[in-house]
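What follows is chain A paired twice: with chain B in the first complex and chain C in the second.
== the complex of A and B ==
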């Protein structure tokens, strides 16, 4: 919990400052929007967190979001598939992409950076190929299916606040992920192999299988994210749909306490990290009229937060050392 | 480490090849009937280079193809994926291939002048959709974006006869056509006399004539961000009067945001271009109106002019170096007729 104290404090401070500067920030409508966006980005961020925990990286997330996000409406509207068949197809596709990555990384011993970088190029290229670069979308059809992303569950006693449907997906994913990572032996294996893969292998863990599993989870959740993103936005252009989303996901995971060296990570932290990114973007639109320097502000605030976190940690260590010294003396 | 590169290279190449596979011409005219095959001169080749990938350019590509079939030149339409550097690469590759004519919608006309002049030296060059007035292009084929923007601003005043608050949404502001279009909207709303040289900075509120233009939000073509912009504007200004979407995909995203906020019909929507969702919104009354260009004619006219220029016929270029293809306003009254014609042209 200590690891995510800094980032949670930063999120809290940004929320308080924004609500002071803008009356609209705490309105039910804005909070619903924020919760929905956090859920969408949180899902893909949890996916990449599994890979990062093993010491790997997945750069293909944005392109998987694109492939699935364009593939679903394409199958439904252009190819005339039924909803269950189309959902099954894109789910199977995203899981097999993960399996493909995992096999190349463990069996052929290719570096994850290279495998998933090629994935980044490959999947978007494929999506552009079968859509012929055309925008795909649901038009005004598939309203029922779209409630998976646009639906809202009214909550009593909360001033008109309704819970956006993607949050349910995030909640289920997060609980399963947290239980898996912290309460099952496989989660221990995953963390162990992230710290020291060789040591984990020598202690009898089938590390290959665990690494493959991590990539399957990552691509699978990127696929789920892609489905929800396109259901929410209603149209996808293969050239830019999901562009750079892998970086948002990796940033959220790392902000949330996942070490890029592997072996560390918390699911709650990842969600807080994803929320921070979305709140900052929202803050810039609500409070300022400088939409164009958005990324500069996001970068600066996060960097300041990370620096402050590091300084506080060092100060605490020095004080502890000083106290220990005094106690000895 | 030394075994790393040889292992990775084939994968990188494969990835690159497949990744860019989409850059191949998206429309190529079928080869001409073989009757004229014995003619002395080979078939001329001309290309149309867009500023990005959009359904708008698919309509232009249909015009390019039709004109190619009529004039007997080989045509292709190329759409750059990664912005300005990609557009440069495409133009350079076309020059290398010895193309007979290029029509281009330059992304950043001021800074692309050198490139365009180099192209104009080696082939017939025209600009379409967005102009590069300082370059040596033979002619600009398109509409005056400032005037089209004014048509859009007039629709805003029509939708809100008593004035009110307005928010503008646009993909990006670097392009000449985007800047002029936005300025036309602002000047028409504020009732200023026509002056394309005006410029109001995008950050800051502009007031006048009973209207308050609250700002301009850009999304750099990220649709999730475009929708988030619309949502954030609705959150920031709960009593927002009118949303104006200036790139083709903006109005549908605004409609999505409005539908989710249960504000369809309560906030006026004025659009640009002819996305299906926009036209449907006009039919249903959730969109007041839209200003449409004629991308089909951009493509058609470009190829027609290039085919003549490639033959050495300079007479097709008017003294003004501007072939006007004016924009039109579409409201509920004429939307059905317009949509039917559009479907016929694009074969949908």
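== the complex of A and C ==
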């Protein structure tokens, strides 16, 4: 809880500072864009949070976004598939990618880093292959389908401000994810095995099955993200569509309180983390004249956040241990 | 009068949640063998690590030849001539004997290792410990007993005046142990002082000039040569009379609950074991470290499934391929490594207690939080788990209370068979007594209990029957009436007699 409070404060501070430094930050156009991007990144960040909770990592997210983001328009326009068939195909594809990762990691005991790093190279390569590295897009067609990402839901009582459609997806995903993680026995199993897989297994938990599930969720949400991203921007260039998105997602999850050691994380925190990442990127674009220092700033902020978290944790453990000793007498 | 060679005065040391040492003192005279004994968790290992510079004390003083010294690292300790031989040997077994003896102190010639000189000097130390192998032999080719002697040779090569040995015989055969004792006596006659730590009171009696007893991080008393008797040592170790400590009253066992026939574990596939445990019976499993006891429990519990053999539970054949299967069949395991396999340290007492029973209490996949809360409250009360609240992370509990959490987790499932692997390792005497009482209560309630222990007192005090393993095979079975330290050790260490004692086969 304290963690969410801390990160929310940080988000607020960055927002205030940016609005002071740049007039365009608070413009309706900019805000709406920011909120929309937050929703899109929030979805893929929640996905990777499940994997991080198990103590694993998923580096393939950006490439899954690319594969799905290029695959959907390619199937619809070049291959002439129907909308339901194409949606079903890319969804099934992303879920099977997660299953594939999960099986390699649990049954063959391959390190998650290696498996998903190979995925990162593999899926982008495949996307560049079947598109022949050409930009794919919807052009002026599929307006109805695109409303899923571009649409807006007018909000009562809030003046002219409306909620971007991806927020509906984010809210549904977030509620389901939060209920799953906190209210079901499977969520408890994930948290337990993330802390100590051996003890979880000795307690009769089928840890392999839970880990596989986490990777399926991660790739599945990356796939959903890919669909929404491409519907939002209308076209995708295979060479860089979704590039580095896994890092934004991982950073959002970590900033939001997921420990890379596993066993820890909240869905609300991850969403706030995703928002913070987007505001930081926005700030860099608006305030500085050159975008090329973006990674330096983001890297520095995340590092600072993680260091602060670790120091606070150590302090808390020491205090608690001292109190436990004092109580024993 | 000459000052003692080594003196520790009022040493204290705390770890998160535990006071391992609460002001322990120790005196070692030149040329004597001092045994340090105490139950698991009494603080022996911590004390030895401090004397060897592995850990630094929070307060207290160490004196060598009457002069205060500071031991900040193993290197410091070696400089003063203090060497520790760990229970788990610290040898690089991919290297030669000579390379191990001089690791980090190699003789060089023009920047290269002077192998001939290493071999020559290694030879003299090997002779001193009575080990007749060539210095170029790879350590991996030696037996555990021989490796132990290499460790001693290594200690001698740094001119050790004080040699600390932590349970050196826990994995040795009896002939290897005999060689070790000869070497120890020989070292003593040459003026080396030895601190000897062992659970085996028979050895302690045979070897020691004096005994220092620790209990719960404090000095419980010292015994001079003439006072070293079994009963006196045990009384100091547990702080009360033995009969009161192990309150086991055998009661007539019921029908066989767990029947194991020709079980072959992946670790010892050549030695099938067969035995049974009856309802309400407590069966102990004794043997040296590495005898294959844990492997049997883990095969029964499906952690590392058996290669072959049959397991019958309450008359039904079961084939546990995972702990999940074993639990469904009615088994529970309190594992050997509490911190890694038993509890999830960072999680709350409540979460740990409910972990195994979440599935049976679920409501269509959702957590039953009411049930979880009432369960943890009930377990904390009935097992007397000492914790400020059910939300306390388990890592801040003492070892004994952590172990009670592990037990509580299983009791919620009402197992028919309870397997325990070193259930009292690293916990204080009071908690130990409570764990024993709990095992007693469960056996009265008809639970079949099979436990592994390296503490002979525990095996002797609690068991209705004892199974003894040696190098993977079941070398014998002793009824309560035939139990004695000698009988157990004989079966646990000796090479098999030509006609092996058959274990009672499952019907």
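Criterion: the second predicted complex is superposed on the first by the 294 of 329 C-alpha atoms of A that agree within 3 Å, B and C clash if a C-alpha of one lies under 4 Å from a C-alpha of the other, contacts with A are read in each partner's own complex, and residues count from 1 in each chain.
Assume a residue touches a chain if its C-beta (ideal position, glycine included) is under 8 Å from a C-beta of that chain, and two chains touch if they have at least 3 such contacts.
Just so you know, these numbers come straight off a predicted model, no measurement behind them.
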Task: Return first, second, both or neither, reflecting whether A:135 touches chain B, chain C, both chains, or no partner chain.
output: first
Message: Once the two complexes are aligned on chain A, which partner has more residues of chain A within touching range, chain B or chain C?
response: B
Message: Touch test for A:178: chain B only (first), chain C only (second), both, or neither?
response: neither
- request: Determine, under the contact definition given at the top, whether A:263 touches first (chain B), second (chain C), both, or neither.
  value: second
Query: Touching A:306, do we find chain B (first), chain C (second), both, or neither?
result: neither
Field: Partner chain in contact with A:243 - chain B first, chain C second, else both or neither
entry: first
- prompt: A:203 contacts which: chain B (first), chain C (second), both, neither?
  reply: second
- line: In the complex, chain A touches chain B at residues 22, 24-25, 27, 29-30, 33, 37, 40, 110-111, 114-115, 117-122, 124-126, 128-129, 132-135, 137, 139-140, 150, 229, 232-241, 243-244, 281-282, 285-286, 288-292
Query: In the complex of these two chains, what residues of chain C are touching chain A?
result: 14, 16-17, 19, 301, 303, 322-324, 326-328, 333, 335, 340-347, 351, 355-356, 358-359, 362, 365-367, 386, 388, 392-393, 396-398, 409
Task: State the interface residues of chain B toward chain A in the complex, per the touch definition above.
output: 4, 7-8, 11-12, 14-16, 18-22, 26, 52-55, 58, 79, 81, 202-205, 215-218, 221-225, 227-229, 231-238, 249, 252-253, 256, 260-261, 276-277, 280
Query: Which bits of chain A are touching chain C when the two form their complex?
result: 183-186, 188-189, 191-192, 195-196, 198-206, 263, 317, 320-321, 324-325, 327-328
